[in-house]
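These are the structures, in structure tokens.
Common to both upcoming complexes is chain A, partnered first by chain B, then by chain C.
On to the complex of A and B.
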């Protein structure tokens, strides 16, 4: 990296991103192979992965891997807050703010040809949405998935037809998750004209001053005024 | 070789037409009559390759004046002199009491089960339903093979049971048991008869009864566990199934609400991304043009 740049993602975040991406891919592949089990392509994939028991094993292995990655991230946040006395609630953090809604409205106005681009800070509203979709989604998928994994134990304290409800939530959320992560996230973070062909920042962790000025002008200004967090 | 002459061409065309006709008709000749439409005519070569291939005709078709058992399946042998003999149903006219000689347990279970009870009530076709199945509706007595594997038998059950219970077959195929067993061929999954029994065919309305069926694979299953709805359909539900009807409605309602939610979220985000890409393309092209 010859151009001046700032660190945007820590080593831990970069590694966890890859783990979550791989785990999520495995979950989607095995889960939808089961759901579309009657089709020729799903039967070909199932045959390669060891049939229904192979799919079940892989799905659970990927689930544990993905869930562990999110838990490690949350443990790091707790350590950062409690032991390192860091701040999680600044304007450059990941918590949603009222400004994000204003940014969304303004951004859509810009798409329709009205007004200027919002002065995005370190993390934009769509990046926060991608982040919270994973943090919340992994928990609802994980909880409903556990009900489907251990139905006997869960029916010890809840009605058996809750297994049906868990299955529906698991299915619909899987459709949403795949539609968002494998299409919206890839397109918005990597494939849209501005960042085409790929945003490598999540892999090497850095963002050039040039890009910060054009894509996160609010953040750049805050850095110049000495109040933004940029490491 | 004068192959290109008109004479040869005519022959060639004829041969082509004939083979096309054979190709079209061939599968029809080769296939067995589907279960439920037994024929009076038997293909002895295929019979010899089946599970009953070592038996002689008379072992199952003795000349009889009257039925040799009682019960709904007992029938007299039709009168061979009767002009309507061959147009009567071969499947419905057979005296299935003969099966009992070798298949005693299956016979007894069938007679304790819901299909025998339905037959006893009389001709169900009058109420618009199919008549309850007899042995040969599910078991091809002449061509059926022995020692088939669980998955093959299970898939056949989905088709045969599903012919009269289509809503149950469809919901089974949407359920994990159907996805893993029928669709992906996992022999440890549950097929129709694993829960309902092959011959008594219980409907498992009572929680205790259903729990017993679950326990065959899920030893810790309780009646509450058995509240899980394998067939979320209201088809065939009676006034005594109000609890299940409520659960099915709840399952459908949640599915509908979540589907609308998913369509809104995904639809908004796809539109958002599409607009965004258009705007950036326009921006790039305009800058390029300057």
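On to the complex of A and C.
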């Protein structure tokens, strides 16, 4: 990086992003292949990946990998808060704020040709939505997935139809998650004309001053005034 | 319809076609009084074994004879009961499995089972956990069946249920009830003094994760002192790592997490750049093939490689076996790799063990006998060499004792080209090997546990630090 830049993602975040991305891709591929096992394309994929047992093994391996990555992230947050006495609630943090709703409304207006582009801080509202979709989604997927993984144990204290319910929630949530990640997140974060073909920031961890000025003007201004948070 | 169903269908059709021509030894019985007369297809048809109705129909057909006390077989002039106890079968896990699903070769004429129940067509075999390799030659029923009489079949080398009890009376083996596997007495079927199964006299712990150093093992703790060795090993690694982090990392000398972040940043950049090839080159030439040592002295390189490369190969073979077993537990490859008497496994283990032993002997000669000026025999070296030597020697002696005890046929045992000749020598001694085996095993296991626990502390620490400093130094250049 020759142009002046600022650290945006730590090494840990970058590693976890790659792990979650690969794990999520594997989960989607094997999961939908298992669910639509009757179709020709699913049978072709199943043939490549060792049939239904191979798919099931891979699906669970990817699930453990992805869930472990999210848990490591949460453990880091706990360490950051408790041991390093960091702040999680600042304007440059990941927690949703009332400002995000205002930003959303103004952003919609701007896209329709009205008003100015909102003064985005370090993380925009859609970046926060991408983040929380994973943190919340992984838990519903994880819980329903566990019910499907160990139905005998769960039906020991749950009615049997909870297994069917878990399957439906697991499927619907999977469709939503894949739609959010592969359609919205991939396009908005990586395929925008400004960053095409990929936003390399999540890989090398830095964002140039130039981009902060144009894409996160609120953050840039805060940094100039000495109150924004860098990394 | 599964494979079993297909086989059963073939058998049933064959039976149907052959029935008039063959004198079956199962009498076609008339219908009980008061019931409609039988038709051929009452018996000669194949129910759907994957439906509950089919399973019940199949069980009912078999139990028509096997449910009666009069159902017997004659062995050496004595009647052996063939009656299946419905009560114990009804409480077993196989209550809703058709007879033909396991006894897949009985629907034929003559009505006789050659292969016995086929457990492995549904259940994968045990890997290294909870039972180790020697049990790969033990039939499932030898432990899982209720009959306590087991014997070693000399022809197949397999430990099986005995057909006769201790009084030489033929016994029926029709109890389908489950054996309680938590029963401590279970292992004592074989592991007692004077047993007929070719087992050591003691129940020994299974292999733990530390045994991966040289063997295929499982990711379990094993016995508590394996766990202790693992704990000491891990604590040593962490302590070593923390000591390493005491200095400045990548110019960072702040708090620990800042150093880790700085080191991680460096590692990240080195990985995702052309410098990765530099690192891989170091790993290949300097770490794997020890190029620097070779430049210094061919003799030292030779001695070091005998120990290090052979250990690495044993580790690799063990992990490979584990991986194959995890992916394809029922495959022929997994069963072959798990079997210590398999030709390839036996040759590989004996060859690699021998190489390590030669390496250790050369090192001992160099340090204690030849004593050239540049070699300093440090006590740290001596501990490592003694533990390694003890581990290897006791390993070979234990292997030879195992060959004697389990009476491995010579044409199979000969692949263990070190342990088999040793076993012939040892067999001539007047020693109770089934009784001594436990001692040999504990010497081997304890020296291995001590060796593993010692790795992060003594001289052997260099196996972690040397590659690390090679890579880091290379990068600093």
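Throughout what follows, the second predicted complex is superposed on the first by the 231 of 231 C-alpha atoms of A that agree within 3 Å, B and C clash if a C-alpha of one lies under 4 Å from a C-alpha of the other, contacts with A are read in each partner's own complex, and residues count from 1 in each chain.
Rule of thumb we're sticking to: a contact is a pair of C-beta atoms (placed from the backbone, for glycine too) under 8 Å apart; a residue touches a chain by one contact, two chains touch by 3 or more.
None of the values given here were measured: they were computed from a predicted structure.
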{"item": "Superposed partners chain B and chain C on chain A - clash or fit", "value": "clash"}
{"item": "Touching partner for A:179 - first (chain B), second (chain C), both, neither", "value": "first"}
{"item": "Partner chain in contact with A:212 - chain B first, chain C second, else both or neither", "value": "neither"}
{"item": "Touching partner for A:12 - first (chain B), second (chain C), both, neither", "value": "second"}
{"item": "Which of chain B and chain C A:203 touches, first, second, both or neither", "value": "second"}
{"item": "Touched partner set for A:45, first chain B, second chain C, both or neither", "value": "neither"}
{"item": "Chain B versus chain C, judged by how many residues of chain A each one touches", "value": "B"}
{"item": "Which superposed partner A:55 touches (first chain B, second chain C, both, neither)", "value": "first"}
{"item": "First (chain B), second (chain C), both or neither touched by A:29", "value": "neither"}
{"item": "Clash with chain C, by chain B stretch, listed 22-30, 58-66 or 94-102", "value": "94-102"}
{"item": "Chain A-touching residues of chain C, taken from the complex the two chains share", "value": "257, 261, 264-265, 267-268, 272, 327"}
{"item": "Chain A - residues contacting chain B, complex", "value": "34-35, 37-38, 42-43, 46, 51-53, 55-56, 107-108, 110-113, 148, 151-153, 155-156, 159-161, 163-165, 167-169, 172-173, 175-176, 179-180, 183-184, 187-188, 192-194"}
{"item": "Chain A residues within the chain C interface of the complex", "value": "10-12, 14-15, 50, 57, 79, 84, 203-205"}
{"item": "Contacting residues of chain B [partner chain A, same complex]", "value": "173, 176, 179-181, 183-186, 188-189, 218, 220-222, 224-229, 232, 247, 250-251, 254-255, 258-259, 261-262, 265-266, 269-270, 272-273, 275-281, 283-284"}
